[in-house]
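Below you'll find the structures, each written out as structure tokens.
Look at the two complexes coming up: chain A is in both, with chain B in one and chain C in the other.
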Partner chain A sequence: MSAAAPILQLDGITKKFGGFTALSDVHFTVEEKVIHAVIGPNGAGKTTLFNVISGMFGAEAGSLLFKGENIDRAKPHKRANMGIARTFQNIRLFEDLSVLENVQVSQHGRHFPSIWSAVRHAIFHAPFSRGAQEIEMEDYAMELLEFLGIAHARDTNAADLAFGERRLVEIARALAANPAIMLLDEPAAGMNPSETENLDEILTRLRDEKGITILLVEHDMNLVMGLSDYVTVLNFGEKIAEGAPEAVQSDPDVIAAYLGTDEEI
Partner chain B sequence: MLDAYQESLLIFFGINLIAAFSFYLPFKTGQVSLGQAGFMGVGAYAAGIITTKLGLYFPLGLATSAVVSAIVGLMVGFPALRIKGIYLLLLTLGFGQIVQVVALTWDYTGAHNGFQGIPKQDNLLLYIYGVLVVIVLFFFRLERSSLGRAMVAIHGDEDAAEVMGIDIVRIKLFAFSIGAAFAGMAGCMFAHMTTYVDSLTFGILLAVNILMFVVVGGGTTFLGPIVGTIGLYFLPEMLRTLREWMELIPIEWTENSEFLTSAYDWLYDFFDFENEKRWIAYAIIIILMMIWRPQGLMSRDLVKRWGRRLTGSRA
Partner chain C sequence: MLEQQLINGLMLGASYAMVAIGYTLIFGVLRLLHFAHGEVFMLGAFFGLQIVIYMTGVEVVAAAIMAIESFLDVKGILLFFAIFGAMIGTGIIGALVVFVAVRPVDNKFPLAPLISTIGVTILIQNVTIMVFGGTLRSFPASIEPVRYQIGDLTIDSVQIFILVTAFALMGSMWYLIEKTRIGRAIRATSESHETAALLGVNVNFIVLFVFILASCLAGVAGVLDGVKNSNVSPFMGLEVAVKALVCMLLGGLGNIVGALVAGFLLGTVEILSSAYLGSGLRDFLTFSILITILLFKPTGLFGTRVVRD
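Up next, the complex of A and B:
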């Protein structure tokens, strides 16, 4: 056993859609403060895995431990407030809100854990001014936007942003929840090479400076292999390999999953 | 001072505006309700029992209408959490029907004879605008707060909002039940203005009317319901007043010209927005709105842009 407890532990997660098994008895652990990639061909169950971890889907079998605590029954918003944040492969920003407001939305649950605290704050804090808490929220959100280099877009509606910037806003929004672990679903998809390079640097800094664990689903193999500390490979809902990036790259099962094998023909 | 007609105009405008706000609050969290007329009915009957049957004071009746409607709102809102869009519309529509059937068959409150003899409240204007000031202040604060942003997020993408740590169940229930309380108070005011309500008073046409105020005015800022209710309730009523003013035009001015005579007749007819013609106008307005400004006359973006122009560019 390593000294640090794993931040996330999956024990035999199984998820079915009707007769189709999207995840089949998946076991793996994510150590703290690492970049852990989950790769696999299309349809391998990577996004389903994220949906199960963030609580959008319930699993048929298996259990999830977050910092040693069982979170199988925790609702999605509870999991977010415990420290599990995510982004979406098909960007899902709140289009009617500005960039700044999008980021502030994920601070809500942490600042106002109950509906009554939220209502009380909305109605009674210093009439006709914003109140200390609002100012604190805005300052922190701006800090994150500056960290990601999109502070100039603070008042732009999320719907009006360029694609690469929308991906960064998703990351800023996930960061605003003060997560211990971030699930990033194909953050580099649709980015040009210089944007990808920038993303590489941002993710490295998140791990090294902010101590955030990153669980990464990504198809850009250069990014994955250069960035990750550890890689788990899924194929047809099953874990087929895991280990350091170099080891996984030369694993015959992985090569077979991506390229096919002679026997299958 | 106000004459009786002006006072009743202001009273009914206020009641309609409170009803519009009752639709607007759940709508902020993406819940479209055709049950607001039903909640008005619940409030009207609850308050009527307090003031008429038990002979207690009006303020107690008003408070009861709010509390009872809020509780019924919670009961309707809970199953409503799981369903969206057209199905939620049907569920709330069904709720409105249930209220109507109960009103029609409950002997205690007069059943098909209607709830009669509700005492007319003298200071209704004060009560209505008192409640409205509180509601407007509530929305003014809400829309500048974290909770307001959370509601916009829920409206935009419920699942994403939940994964961002927003407790959507509590916030949606809160919005639905407080909205129901607003509607209940509107129903209470209505009953104590007309002194008579029955099962037909709070029907589907009223529910659609309430929805129209918000859809036309705009559902993303509290100015929307205000503008919508002015546009769809106050203006048509003012047009009717114009008819009376038209009657002051001496007949000699128009009788010599066939064109002027027919123009006069057409306008005189047009300004009568009572009954069916109002619905034709509504239908045309909603079609035009959906084409040109689906977000309503007022919108959050518009208000933000005005705000920025007023305060200059922000640092």
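Up next, the complex of A and C:
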């Protein structure tokens, strides 16, 4: 692979909840500008993995490198501002905010480098006018909404959106932070076939046109196998296989994990 | 007469609304009833009082103020200093409350920060009594109000000043919350700390900012109240705190516009009821309204913006 450090590197990540080991010594790397899927049966630890990467909780052991830099101790908002964005399995929009406002929330960190500038902004700029930066931010947010085909809903409250559109708003919101890597937790869940097809196209364009790395957790195997450049398989918190989609699909361990082994039957 | 009473109701309502907005902002981002908020209001009045006393008492400063006033041909510049000073003072107090009583306390037990802010209430009140004494202190009549007669209605310049200041502040507050980036982040944080943080919002900073903002607003309300009633006491916080709490519940938890409207509503009802039904019924009426609303519309008059997560 390339000489540059991989965008994300997991070294022996272990996460326990009480006596239950959700992730056990997980190693893998995510290369830049690829769609990298993480699959595995229910309870394999996929969402836990996302929570550890985004900093919602720390791991008991192991370390996490983002662009070669150790981020074990960085708080969630710091990680978001460094370029790690995510969406949620159960969509978490700000229901009382409009679609545009939802997207703009994640521009917040990028445009407030310090406490002082935030206070200065609140005191000197906010009461009088929208600064050039504010207009630029809104334009960029609108561009993203157009990219995802939901620009018509800009002033709708998130609570009033259709399900498929809610997913897209979450993706737009993650994109607004200008991420280097996006963690998408089951983006196709609950989508109908045409919505899934649309999602497939969007994710491909994100990788090819915007150069964003996508780490994808997904149960829709057609989508995963058609879309991914690389697949990592987890089972009971352990990595059991990785490689190109075709190779993983025919891996006996993976088949056993999904279907059970002969002995068990 | 009715118009005169309505003006008085607006004035009282402005105090309630300004304190209630702070309550509801803090409740929005932390699900915390900030018990010491009434004491911050009281401190604002004392800070304002001290500034006025200092500025009229020290000859050089008093002379300078006089010179500026005659140069600009205005009166009451002192009040601006009092308000601005009280705002800074109470803003600092708000920040201190966060560092002393909110951040160190574990948020996993919702009652813990509530108890610690009760502690802050006791602390602030006793320190104020120690420093300023426990008696009523009168606001020096530093400005001779100019009276205007509109039909039967008499309104003086100080009243106008109080109303204009209150409305201007609440207007900017609404703008800040609804139209600016930091306001967007505050509303996002109110809905979910976790999601906001994962999107890059520094939640700790937002909480601090909201406390400072709410405290500044309460501080200004304190000064205005002190000027209006021309006296301040270390015990003036409690009544306002309770009434503002009623306003927050009436308006709907976390609902800023609701708190504002409820503040003016309650102020007007109280003044009208003391004028026409006798002042003994005033609190009875206030709490009857509260209980009725909570029985029939528990989310408040304007709906709550706070959801249980």
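As a convention for this text, the second predicted complex is superposed on the first by the 259 of 265 C-alpha atoms of A that agree within 3 Å, B and C clash if a C-alpha of one lies under 4 Å from a C-alpha of the other, contacts with A are read in each partner's own complex, and residues count from 1 in each chain.
Basically, contacts are C-beta pairs under 8 Å (C-beta built on N, C-alpha and C of every residue); 3 or more make two chains touch, one makes a residue touch a chain.
What you see is a predicted model, and the numbers here were worked out from it, not measured in a lab.
On chain A, do chain B and chain C fit together or clash when superposed?
With chain A aligned, chain B runs into chain C, so clash.
Answer with first, second, both or neither: which of chain B and chain C does A:Ala247 touch in the superposed model?
Once the two structures are laid over each other on A, A:Ala247 reaches no partner at all.
Return first, second, both or neither, reflecting whether A:Asn157 touches chain B, chain C, both chains, or no partner chain.
Only chain B; A:Asn157 stays clear of chain C.
Could you say whether A:Met221 touches chain B, chain C, both of them, or neither, answering first, second, both or neither?
Neither partner.
Using the touch definition from the top, say if A:Arg92 reaches chain B (first), chain C (second), both or neither.
So A:Arg92 meets both chain B and chain C here.
Thinking of the overlay built on chain A, is A:Ile135 touched by chain B (first), by chain C (second), by both, or by neither?
The answer is neither, since A:Ile135 touches no partner chain.
State whether A:Ala61 touches chain B only (first), chain C only (second), both chains, or neither.
neither
Shared contact residues on chain A, chain B side and chain C side combined as an intersection?
54-56, 75-77, 80-81, 85-86, 88, 92, 94-97, 101, 104-112, 115, 118-119, 121-122, 127, 134, 137, 173-174, 177
Under the stated contact criterion, what part of chain B meets chain A in this complex?
Touching chain A from chain B are residues 138, 141-142, 144-150, 152-153, 155-157, 159-168, 170-171, 174, 220, 300-301, 308, 314.
Okay, in this complex, where on chain A does chain B touch?
Contact set of chain A toward chain B: 54-56, 75-77, 80-81, 85-86, 88, 92-97, 101-102, 104-112, 114-115, 118-119, 121-123, 127, 130, 133-134, 137, 155, 157, 173-174, 177.
Mind pulling up the chain C residues that touch chain A in the complex?
172, 175-176, 179-185, 187-188, 191-192, 194-203, 205, 209, 305, 307
Which part of chain A faces chain C closely enough to touch in the complex?
Going through chain A, the ones touching chain C are 54-56, 75-77, 80-81, 85-86, 88, 92, 94-97, 101, 104-112, 115, 118-119, 121-122, 126-127, 134, 137, 173-174, 177.
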